[in-house]
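Chain lettering (A, B, C and D) follows the sequence in which the chains are written, and residue indices restart at 1 in each chain.
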Amino acid sequence: MQLDKSDLQEALRILSAEAGVFVPSVVEGVSRFALWDGESSIDLSRVNTELPPKDILFPQTEKMYSYKMGKNIEIKEIIDNPKQVVFGIRPCDVKSIGCMDKVFLEKTYVDSFYAGKRENLTVISVGCTQTDRTCFCDSMGLSPSDAPGADVMMNDTGDTFVVEAYTDKGKQVMEAWKPLLKKGGKKPAAPECTLKVKMSPEISVKLSKMFEHPIWEEVSRPCIGCATCTYVCPTCYCFDMNSDNHSSEGTKFRCWDSCMFSDYSRMAGGHNPRPGKKERVRNRYMHKLSYFNERYETSLCAGCGRCADKCPAHMDITAFIDRVAEEEMENA
Amino acid sequence: MNDTLEIKREAQLRETARRLLEDGTVGYIIGWGTTRFEDKTAPLFAAKPEEADRLVWNEYCINSLAKYSLDDKYPEKKIGICVRGCDSRAVNRLVNDKQIERENLFLIGMPCSGKENSVCEGCSHKNPVVYDILIGEPVEENTEEKASAERFREIEEFEKMSPDERYEFWAKQYDKCIRCYACRNICPACSCKECYADQYMVGWQGKQNNRAESQVYGLTRAYHVGDRCIECGECERVCPMGLPIMRQTKKMLKDINDLFGNYECGVESERAPVLGEYDLTDRDEFM
Amino acid sequence: MHSINHECTCSSNPLIPHVCQVTAIKQETPDVQTYRIQTLDGQKPFSPMPGQLAMISLPDVGEAMFSITAQGEDYIESAIKNAGQLTQAFHEMTPGQQIGVRGPYGNHFPVDDLKGKDLLFIGGGIGLAPVRSLIRYCFANREDFGHIDILYGARSPEDLVFKEDLSLNWPKEKDTTLHVTVDRGNETWEGNVGFVPAYLEELAFSPVGRKVILCGPPIMIKFASQSLMKMGFAKEDVITTLEMRMKCGIGKCGRCNIGSKYVCLDGPVFTLAELDELPDEN
Amino acid sequence: MSVEKNWEPKIIAFTCNWCTYTGADLAGLNRMKYPENVHLVRVPCSSRVNPQFILRAFQKGCDGVMVCGCHPGDCHYATGNYFTRRRFMLMKRLLEYNGIDPQRFQARWISGSEAAKFRDTMTQVTAQIRELGPNSKFQEKWYQEGGPENE
């Protein structure tokens, strides 16, 4: 099916009657997914937003429960799962949601906060027509123009979007858009990432044997230990739990945390199993490229390139992957 | 920027670096190296003479390097660091703050005519203020008029706004802050072994990300480094959300200059920070 | 790694604690207290397997993971050392205090693998707490197990935890030998003086038909493991528990990973052979 | 923000143990009255006051904050209040630069014998803050939404 670009506003308006619609836009100079007010401009000119869409499902600060102390403790769960639609999300970010689904919905426990939001979220992906210089999703096994995890997949053909529903949620969207949709439309060819990275399943296995390798000392040296890479990463999901206390009552919240911070793994008493940047950078890269593969059978890096773009020290995960690939050839 | 001169400087840098590594003057040299992208360089740690040729010198050598010396406080041999004007002031900052020993460093002075960075516009020290060896000839400094006109121009503009406008401006900025602490970690004046902001259990700072907490973080940091800021602009460069962080610290510096006389940090090798000393003749405006 | 016990009486949201109360407090040593925990209507909060963990919290102070040291018909118990802000607050509690509890978390000791074997328990300091649940389990099912040796060490006689068990209850059990040692004795101490690994080598246990359960501070685990290897124990036969910083307890928040394993979910109980497979990071 | 009916300004004054706090004590002995809106926090020296206390006070719901110490030259620790003077001259300007009204943060020198000055200062500052109305700048949302009366 096809949707005329001139009908896009109307299409979103239809959705926003039922749900909060998030669109890529520029807020105070920062490109991010923001709640669409029916008029603000929708910025599809960028390949990727600066901030990832993960906070729609996993807010940077999320209230979990409120409590009242005293002779009796009262605990009240805070549930906030509005119906939401995210529009214009790129295939790499859709894959990232898939990664978070695995973390929060699988392996013994289901995370209720995430599950509630996820269930009420409809994902409308718009494929890329071009790629950025830091994009490498096709090296990570994705396609810039197709997001298998999306509910609705849209591709830009110039004047129209080719629209396809992948799930039941997607079909409902198509149903709502019925008056606007036209038959036909051919999906355009996918653009190719200019940046090619030598990623392969073997790299993950190779890495799992490189824990003691001198490479970590070297690649971690420029790291300044900030959380930029983890906070702009669409898949980084680590969190901390803390309370916001006002004398005898307050709320318990969880918030993004970063494995790059010194207090992340420090235990009561001061012992820290990952005391320096070597250990922390190793943990992050290993988590992205090896540990996660071992546990969930997919990589935790979607190839969006945000970390490479934003790192203050200009560290680059793609250069690291290629280094590891070379390491392999040397040892072979 | 005189290209041939800078290309020559790069060659001289590599030659000097190789010599220093060969004769064992330094254990390794911290400089800039290439990345995948032409317009980005990354910190490079060259330990072997043959690695000297990987050092680059161009308009994209943008990262401040001095703070990496904190990773190696007790080096076996001297650490060679390439220092531009701002980096050399960062070294003075760290030495003044008793974070590193000057004897442990070998400073390779790199006269710098400005990088792809807006902060370089009003630079007052293009040539390193301290070095052990200078690569090539010094470059021409900005005139004092230009540097001082540029220095607090933005602050003066901003002060003209009404208090509510100013508050709104900053509130919107801090709404953007994601508290990645890149500004803190890159800053040569932020050298606390453990930052107050990481001590969540103590209660200085909540970990939740909201306007109030980010405001407290932003102002605390501004105040804490304000009298020691060397105006290198790294905080602003690294901020992934584009907050004009320098506008806070420069306000502090402007007031210090107004109240206590001319003051530029990191220019002299030994100078206590303004808030670390006092003068009996300080203005007494509190009654 | 062993199966996980899913029984949970909390709300369906695993991150929300269940309000329980502390019904009895026992001072074990100057800085260790044991808390008896029951639901508000006097029931057992949940039935953990030996070695499982509970997240215990005072919502306004914090939340942390503790091992469950014992359980009865209608209660669970946890012995907690005063080591930080939260545990300090626990130590200021009086009976009747309400607390938040969620769990049980983690895997447990492989009780089926231990059946029919002689057992050697090695504990150091507060490290006796996690193994105590298993020791009690073994005594409750005494016929299933062979000879039981318990080797326990602490810094000083005052620091010995569960003194009643050590001096009265456990020596009375059939086929059980206790070996207690302290780093520094005092005027009244008549037992052994010396570190656990040294005493372990002195006692020269045979590895034949014997499984070891080892728990204590990391440095003790390190040297005791070396001693056990010297004595000929196989790594598969030495079981230990790990400690990492934890927040969520359910394998989501990320920080307690060792390689691709989460200590809160896949641990805390590992054999030395399993640990060999993991990166050396703890 | 509209001024609530029963709003009363909340003011924290960090007072040096040796001068201002003693001055407050003397005011009490002399049965002098000062507004109960002022909450005193006793500190060993005015230079003990970390500028972050000021930020945190505004964040946690104060409408005004004061730092009070010995007159310059009279510091019990000889030089403490010289540091205070520098520190808060800068802090005051930084706060104003960020949009805080100058009257909301004030520093004063009040000696142990100046009970009347203590009373007059507190009365005057309270009146100023009352005039300004409630502060919401830098404040946590919880307080902006009513604070303890939330429930």
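Operating definition for what follows: a contact is a pair of C-beta atoms (placed from the backbone, for glycine too) under 8 Å apart; a residue touches a chain by one contact, two chains touch by 3 or more.
What you see is a predicted model; the values in this text were computed from it and never measured.
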| item | value |
| --- | --- |
| Chain pair whose interface holds the most contacting C-beta pairs | A-C |
| Chain whose average C-alpha position is farthest from chain A's own | D |
| Whole-Å gap separating chain B and chain D, where each centre is the average of the chain's CA atoms | 35 |
| Approximate Å spacing (C-alpha centroids) for the pair chain A, chain B | 32 |
| Chain A and chain C, separation of their C-alpha mean positions in angstrom | 38 |
| Euclidean distance of C-alpha centroids - chain C vs chain D, Å | 51 |
| Chain B: positions in contact with at least two other chains | 210 |
| Multi-chain contact residues (two or more partners), chain A | 240, 244, 249, 257 |
| Residue numbers of chain C (touch at least two other chains) | 62, 84 |
| Parts of chain D lying in touch with chain B, wherever the complex brings them together | 51-52, 55-56, 59, 72, 79, 82-83, 85-91, 93-101, 106-109, 137-141 |
| Touching residues on chain A, where the partner in the complex is chain B | 27-30, 50-51, 60-61, 133, 195, 218, 221-222, 224-228, 230-232, 240, 242, 244, 253, 255-258, 261-263, 277, 310, 312-316, 318-319 |
| Complex interface listing, chain C residues touching chain A | 4, 6, 11-17, 19, 58-64, 83-84, 86-87, 96, 98-100, 218, 243-245, 247-248, 250-260, 265, 279-282 |
| In the complex, chain B residues that touch chain D | 158-159, 163-168, 170, 196, 204, 210-213, 215-216, 219-220, 222-223, 226-227, 248, 251-252, 255-256, 259-260, 274-275, 278-280, 282-287 |
| Parts of chain B lying in touch with chain A, wherever the complex brings them together | 35-37, 40-43, 45, 63, 67-68, 71, 172-173, 175-176, 178-182, 184-186, 194, 198-200, 206-210, 234, 237-238, 240-242 |
